[in-house]
Amino acid sequence: MTSLRIFAVGGLISFRALFGFMSPWIFVPTLVVTPLFQILLFAYIGRSAGIQDDAFYVVGNAIQYAAVPCLFAMTFTIAGERFNQTLGPILVSPARRLPLFLGRSVPVIVNGAFVAALSLLLGSLVLDVEVPGSAIAPLALVIVLASASCTGLGLVLAGIGLRVREQAVMLNIVFGLLLVFTGANVPVDELPAWMEATSRLLPFTHAIEAARELVAGGTLDAVSGLLVRELAIGAVYAVLGYAFLRFMERQGRVHATLEKV
Amino acid sequence: MPPVVEAIDLHRTYKTTTGTFRRRSLEVEAVRGVSFEIAEGELFGLLGPNGAGKTTTIKMLITLLIPTAGQARVLGRDVVEDAHWVRERIGYVFGGDRGLYERLSALDNLRYFAELYGVEPKQQRARIHELLELVGLEGREKERVEGYSRGMRQRLHIARGLLHDPPVLFLDEPTIGVDPVGARELRSMIAGLKAAGKTVLLTTHYMFEADALCDRIAVVAKGKIVAEGTPRDLKASVAEGVVVEIEVYGIEEEKVEALRAIPGVTSVAVEDRDQAQVVVVQADTETEPTHAVLARLDGVSLGRVTTREPTLEDAYVALVTQE
Amino acid sequence: MSARAIRLARTGAVGWWMNLKMVSQSAFDGLLAILWPLFFGTVAFFMFRAGGDPETLVYASLGAAVMGVWTATSVPAGSALQRHRWNGTLELVVAAPTPFSLTLLSLTTATSTVGIYCMTATLLWGRFAFGIDVPFEDPVALAVAIPTTIVSIGLLGFLLAVAFARYRTAWTLGAMLEYPVWLVGGFLVPLSLFPDWVRPISWLLAPTWGMNAIRDAATGAGSAWPDIAMCVALGAGYTTAGVLVTNRVLAAARRRATLSLT
């Protein structure tokens, strides 16, 4: 199978597996209702504390919540293979690894972007937040980049997830860290110095900043620097994640841990 | 003496749905008119292959399922109307790994179930230790169940089922998946229950187990009872007759049908054994089927051909495979 | 008290204790249960600090503490029946002479009891990381308000567990209610900020009253006792509704043969 086919077919099958599992009964509560309430929760806290405005919280939380589809789906796609005991057969195949793993990440990125966009839309409607028409296309780009960047992190976690039994715990903790550190609800420059430094190394931070500027009427040009940085961060995670997965694969073959659920 | 357990024309249908977009509902009749009685102190066996309806029947008797038709009584009381009364007097043990709280020790599991099943608080401690000794788990009761082997879990299940000293016990495939030595111990424990005066309903698909333990057996296939009697009665029903076994390497269905058509042949079954298949032909004593059989098998690759007397296993296979 | 009532109380207590043992055992789950409200609390603390009113920080600390109790209860409540089913113990428990609602109720109150760890951790975190000093103006009322809140949340969890029993994806429904109750229970946000139609919903939730009681008892802003009474009344209401629903669910399950299906 050529790399392109592995990329495309593997991605498509993974997509079907992902959405086959995702019945509306799971999708709607987890990826539509919950992010909306996260937006509402922080918007109201903001109102209660008398700081920022609703738009600040809608953008911040809509993007941050994409961590759920990106991180969880990526980890479970890989861990799911392990659970079904298909990981072994896949890794034994001669298929080249890069298109294999990348192919699997495409549906995750698409899903993540969709969830973020939907939350942004619903949050804006419910809280009456104005988004300028000119910002819509650039926002879509920002959202896709944010989702891709977080999925890169997802690859790293997927690798760790192969060794760890309590993946859900790890993922929830990372979600919480992203909530605190990415400026989703507290402007990054208001955080203590060490926290601010950390947040600049995480996905979402730059995308959220860019998205807020766009909603406030900024142009794509003005935020391009932020977007480049977001993309770079995501790429670094993706490379790390890929390397880590290859390493875990080798370890798994040495220590016979591949099939252990 | 009135029977302790009565099943009167029990029926149970399941509705399942298939498909995601166009949901179709299918009705599966798992139990289609099962009737039997168990007398006090009897060890009664429900013998049949997987999917025959044994577990469904048991679940109706232990109040977990409401029959779609028919009635069931335990100790004279209806299982649907008087479910609570019945529950206080029955024990339920099933095979497999599940059914215990993994994170708790065996002792805690028993304490919890003792409480749930209404054992008097003052008697709980003594009773639990008595049972642990009975099933051979004393000394290991403080360990967590997650570390237990299948055999140990089964023994713990039996202890659990006996906590409230029920007069009637329902054992659903209790030795399934247990190693031969462990299974033998479990069987002697089950025999001991009968000796202690309990009335036991045992389901199993192991014939030799039913033969060894049960006072009476009902053979169940496809939701109906196809034979009932003591193990000796069932063997007697096939003692006359002859069995011809022919090793073949692939056989077509038409040839099998042709064999069934031979006068005097009561059943034909094809079993997989190692590399080949074995065609088992049963016939009544009047017939000597070997020649007719070999004639119909012209063109099929044959291996060994043996003739022998029927066993209880043949009776069972004949009963459960007939249409 | 009749002998039967005493018996039931004892069985409930043993059930609660056993479930508490089981729930307390996973170190990782415990870690998450404690950390989760801390993340949200931390964000809230930063936000209120930026807002400049120190009293809101005290409220936030108490609110975040109770958030943990709700999370500890709501998420497992949705999946309680499902997990029993997978474990193979659902049938055994239903076939027992003890009423199933009592068994389920002792499970959900055990999970909400674990919330005590969350409460303690959150209050300590607020104290040491953000310097938030929570007063204890009325220790007696507080000593009553806290267990009352915890138990009534457990009873609400019981009602949820049976209400969602029919759905195979009940775990998502339980988890879905985590944020809404935080919001509508007034844990971090005064109820006056919400549109009027939200009020009745808040009032039907025991956590709202429990939160009020704890706040009043800690800060001395008002009397906690009426709120405690409301909590108890709602708890009784949830129990009654839950028992009724349980009986219907079980009867349906026995008819439709859904008890053992995974």
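The chains carry the letters A, B and C, assigned in the order they are written, with residues numbered from 1 in each.
To be clear about the criterion, a residue touches a chain if its C-beta (ideal position, glycine included) is under 8 Å from a C-beta of that chain, and two chains touch if they have at least 3 such contacts.
Since the model is a prediction, treat every value here as computed from it, not as a measurement.
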Work out per-chain C-alpha centres and flag the one nearest the whole-protein C-alpha centre.
C
Most remote chain relative to chain B, going by C-alpha centroids?
A
Distance-wise, how many Å sit between the C-alpha centres of chain B and chain C, to the nearest whole number?
44
Cα centre of chain A to Cα centre of chain C, whole Å, reads 30
Need the CA-centroid distance for the pair chain A / chain B, whole Å please.
52
Two or more other chains in contact with one residue: find those residues in chain A.
none
For chain C, residues contacting two or more additional chains
26
Quick one: in the complex, what on chain A touches chain C?
23, 25-26, 29-30, 33-34, 37-38, 40-42, 44-51, 166, 168-169, 172-173, 176-177, 179-180, 184-186, 190-191
In the complex, the residues of chain C that touch chain A are 26, 28-29, 31-32, 35-36, 38-40, 42-44, 46-48, 50-53, 56, 167-169, 172-173, 175-176, 178-180, 182-183, 188-190, 193-194
Given the complex, residues on chain B that touch chain C span 12, 14-15, 59, 62-66, 84, 87-88, 90, 92, 96-104, 108, 111-113, 115-118, 121, 160
Going by the contact rule set out above, which residues of chain C touch chain B in the complex?
7, 10-11, 14-15, 18, 21-22, 25-26, 86-89, 91-98, 103, 254-257, 259-260
